Amino acid sequence: MKVGWIGLGAMGYPMAKNLKAAGHEVLVYNRTQAKAKAHAEAYGTRAVERLEGLAEAEAIFSCLPTSNEVWEVAKALLPHLRTGTLWIDCTSGEPEKSREIAALLAEAGVRFLDAPVSGGTAGAEAGTLAIMVGGDAADFERAKPLFAALGKKIVHLGPVGAGHATKAVNNTLLAAALLAAAEGLLALKKEGVAPEKALEVINQSSGRSFATEVLFPERVLDRSFPLTFKLGLLAKDVRIGNKVTEGAGVPSPLFHLTRELFQAAAKTIGEDADHTEAVKLVEAWGGDEIR
Amino acid sequence: MKVGWIGLGAMGYPMAKNLKAAGHEVLVYNRTQAKAKAHAEAYGTRAVERLEGLAEAEAIFSCLPTSNEVWEVAKALLPHLRTGTLWIDCTSGEPEKSREIAALLAEAGVRFLDAPVSGGTAGAEAGTLAIMVGGDAADFERAKPLFAALGKKIVHLGPVGAGHATKAVNNTLLAAALLAAAEGLLALKKEGVAPEKALEVINQSSGRSFATEVLFPERVLDRSFPLTFKLGLLAKDVRIGNKVTEGAGVPSPLFHLTRELFQAAAKTIGEDADHTEAVKLVEAWGGDEIR
Amino acid sequence: MKVGWIGLGAMGYPMAKNLKAAGHEVLVYNRTQAKAKAHAEAYGTRAVERLEGLAEAEAIFSCLPTSNEVWEVAKALLPHLRTGTLWIDCTSGEPEKSREIAALLAEAGVRFLDAPVSGGTAGAEAGTLAIMVGGDAADFERAKPLFAALGKKIVHLGPVGAGHATKAVNNTLLAAALLAAAEGLLALKKEGVAPEKALEVINQSSGRSFATEVLFPERVLDRSFPLTFKLGLLAKDVRIGNKVTEGAGVPSPLFHLTRELFQAAAKTIGEDADHTEAVKLVEAWGGDEIR
Amino acid sequence: MKVGWIGLGAMGYPMAKNLKAAGHEVLVYNRTQAKAKAHAEAYGTRAVERLEGLAEAEAIFSCLPTSNEVWEVAKALLPHLRTGTLWIDCTSGEPEKSREIAALLAEAGVRFLDAPVSGGTAGAEAGTLAIMVGGDAADFERAKPLFAALGKKIVHLGPVGAGHATKAVNNTLLAAALLAAAEGLLALKKEGVAPEKALEVINQSSGRSFATEVLFPERVLDRSFPLTFKLGLLAKDVRIGNKVTEGAGVPSPLFHLTRELFQAAAKTIGEDADHTEAVKLVEAWGGDEIR
């Protein structure tokens, strides 16, 4: 299939490569053109200088920071798009804005799927992402061969927005688990229990989570905090997760407290820090480090 | 080794059996004597009618609802115990009270380990529990052969109380994850995303936890809520978890909100309901069920 | 001045009367016409059957449940309105929607002030309301003689939306104080301190608030809960209060927890209960009543 | 009456003076003796160098940082005290520890009242404090002439501990109101509403509290934050307020969130800052100041 790709960030860069490796013809566009050229040289994709260059593609992927940027490029490309084009948005976006983007694209007969991913840069590289898809069943079927090149767990969740809603809930659960574990592990440490010992047993028990199994052992305890996912972006996802519960009319005190704590963390620790550095909020309060 | 066992509840019953199966001589005591007799008949242990009957044992296990009951039996047995006896408390107890119990027993030269377990009745039956141990290293070494019959993940965490503190933190993390997932899954359901679809992908993603991987699929979605661990007991553990963070001087807003929500759940849903029924608190608020 | 009045609810009914008593010519409109006729007969105002009947007024007041209804009537009246008409919205509305309504009315040269009030039905009756005004300074000056008939504390707070934002913050503070006092008073009662004794001294101390000084003594302790302000409407105001903090980028954990608790209260106690009945949420949790 | 006074801090210093001015014979003791001597010279009280010097008094007041210090001096004085002596503790103490102190003193036939005060240094100076009394009715009657010299609102609330419980609840309500108002006022400011304007109208409305009426106008808006009551001490009182709700079995999410936020404030802003500086926690998160 001829595929257009918009956004060669930490996730998009390896994902576009995998599409090409799976035999698709891939046109890549990036605001900073040098990145697109490098991609083309490294992997045999084709760099296009202007957005319109993607109009000939049968399917167009967007992989951008927020739904706002997706709206902008969709609006800019709209006059050039052909009926029947399939737009697949891998951004960690907002359900409501996705419905607006889908309506906008529908004016030109363009189909829309929201398809945010989970699995980090490692999963993007290896083509083993989880993909959460919202949109019509027929469009989902059409996109399946493309998804197959990117991930291994591909689930159609519901109408447009369902993918983004589920991703936002997933990330809010991650955020809550990360901070709750920070509260508990720091207290244990101050009471004489080494965090790695506590994690050894928690990870065999009912308190385990992705945060305790992966993030603390690999990133927090050794204080490496490698930058793979910005704190500011997770804070944004948690905001979206709360929009989901609010929109559904579900009182959600834990989601909301997590939202406020992550906003505070982003403000005091910095939007550009890695998301795992949010534990430093609790560490500053408790006067010690989890290590 | 000659071992005494106090408390043949849902966990203690199969655990005492496994000690016997591993070749130890096991004396069992239970407030309701019939249970002790049944155990003796079924597994070849020896039922004792009065607490004092355990005094001859080299090691004594207690597996009771709270530290208060442990304090009571320790006080009652104290005059009969010999110097060098090892007391191992598998109750989900309180660090502070355990330190008091250890001090009490020390008067008679009795050693104390807190050794709460995780893994549920299935893990107790299979002898695959995780065991979180607090106490002196020498006592831990001495208890190792006994622990080997009960669990497969056995960790020495620190001084007396460290086991109970870690167990309480573990269970508070479980409680937080359970309710946070309930908030998110109920909202998704009301927005058109089937909970089992959402879980399918969350469980391959960064939002996963023991609650999303085991409790929701096996107990909540099918509305079976089998009674394996009472809501009132988990609420108690969460209270202990908060005592740990308070005692350590670590501000812990998520732990505390979880505490209040579980207290409210225990009051309005019932102390004797299964702990997974706590999701009904969120369901009542949101006006729908997670299924 | 010739004044139009839309909405003769518990607040609007006496407010329109006071405008007439101050010498203004008052045209009243209500969806249920009988109410408008009764008002006209009782106070010498003029009932109009169709919204358009208000178009001749120099100033038009709206006093409706939410900004949505204001938007509807503004849209319906718009084709009939003359340039220079002043629209004054006393609804407890949303800042953002008010800005949209102001923009809509501006198309026809109509000026807009948001002017929510505080003081309850007693203050509305007596003409002693506090009025929180957002909009241009010149429009505020023009409206002053009208406000003088309705309240005694009239403050120009800022641009369009400033009145609604301040009212929403005010009501969120009320909501937080009401529930926090319920938590504390119920606990004191269970510890043997009579609520009226506790309030006697708190109301001379630093813990006092409108809730402790007025609501508990007059409505909660005697279990009368007279219906003056619906729980569902206060829950809505708290939602708006949280939109204000969110829009401003201010992490606000107490506002958010209050929001979730009021949503839960409205769901489990009922939207149509009086707002003071929100204390029953805490009472159900604590298993006792504040009296 | 011959009265002993222990603790000449910001509150105790003027309170002891007022007792003397009312005609009582006052013996003063302070850990730093110079303060006691200065008091004696200025007001005609008698400075005693050793605690035992107070044993001849008919009534002994303690006014210390926490119940721990009261316990220490009670224990030290106990061997010297006569049956029938009345001990009045004005410390902002803990109900549970007060019951322990009362039991300790009872061994020597000494009676105990807990009698924390509210009203600040200004109220202490003017003798217009509110006094919250716990203990036996007969002891309360006996202390009334002394209380009359210190305050104007004197309420007997219940058995020993009732005074401290009520004071702690009062101060937790203050703390919650202070931070909630900070959240709202900072957001309004960022939306273009001047804090003093917002307070002008909130203080005529249902959102008003001691914090909005007194603390913000007099201490926060002008950034003076005069040191009258340490943040660390208010954080301690909020911890006690939460012990009251916990002891009573009342789920209290707002009390608990307030507790955690004040602990965080005390850790990051400093225990020795004035309590009103807790607003800086919200200001750091929101990136602006309330002025």
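A, B, C and D are the chain letters, set down in written order, and residue numbers restart from 1 in every chain.
Methods note: contacts are C-beta pairs under 8 Å (C-beta built on N, C-alpha and C of every residue); 3 or more make two chains touch, one makes a residue touch a chain.
Because the structure is predicted, anything quoted here is derived from the model rather than measured.
Between the interfaces B-C and A-C, more contacting C-beta pairs are found at A-C.
Centroid distances built from C-alpha atoms place C farthest away from chain B. At the chain B-chain D interface, residue numbers used by both copies make up over half of all numbers present, so the two copies contact each other through mostly the same positions. Each chain gets a centre from the mean of its Cα atoms; for chain C and chain D, those two points are 37 Å apart.
Centroids built from CA atoms put chain C at 41 Å from chain A. Look at where the CA atoms of chain B average out and do the same for chain C: the two points lie 51 Å apart.
Those residues of chain A in touch with two or more other chains are numbered 249, 251-253, 257, 261, 263-264, 267, 285-287.
Interface residues of chain C facing chain B in the complex, by the touch rule stated above, are 253, 257, 263-264, 267-268, 284-287.
Note for the complex: chain D touches chain B at residues 239, 246, 249, 251-253, 256-257, 259-261, 263-264, 267. Chain C makes touch with chain D in their complex at residues 95, 118-120, 130-132, 153, 155-159, 161-162, 165-166, 169-174, 176-177, 179-181, 183-188, 190-194, 197-198, 200-202, 204-210, 212, 214, 241, 244-245, 247-255, 257-258, 261, 282, 285-287.
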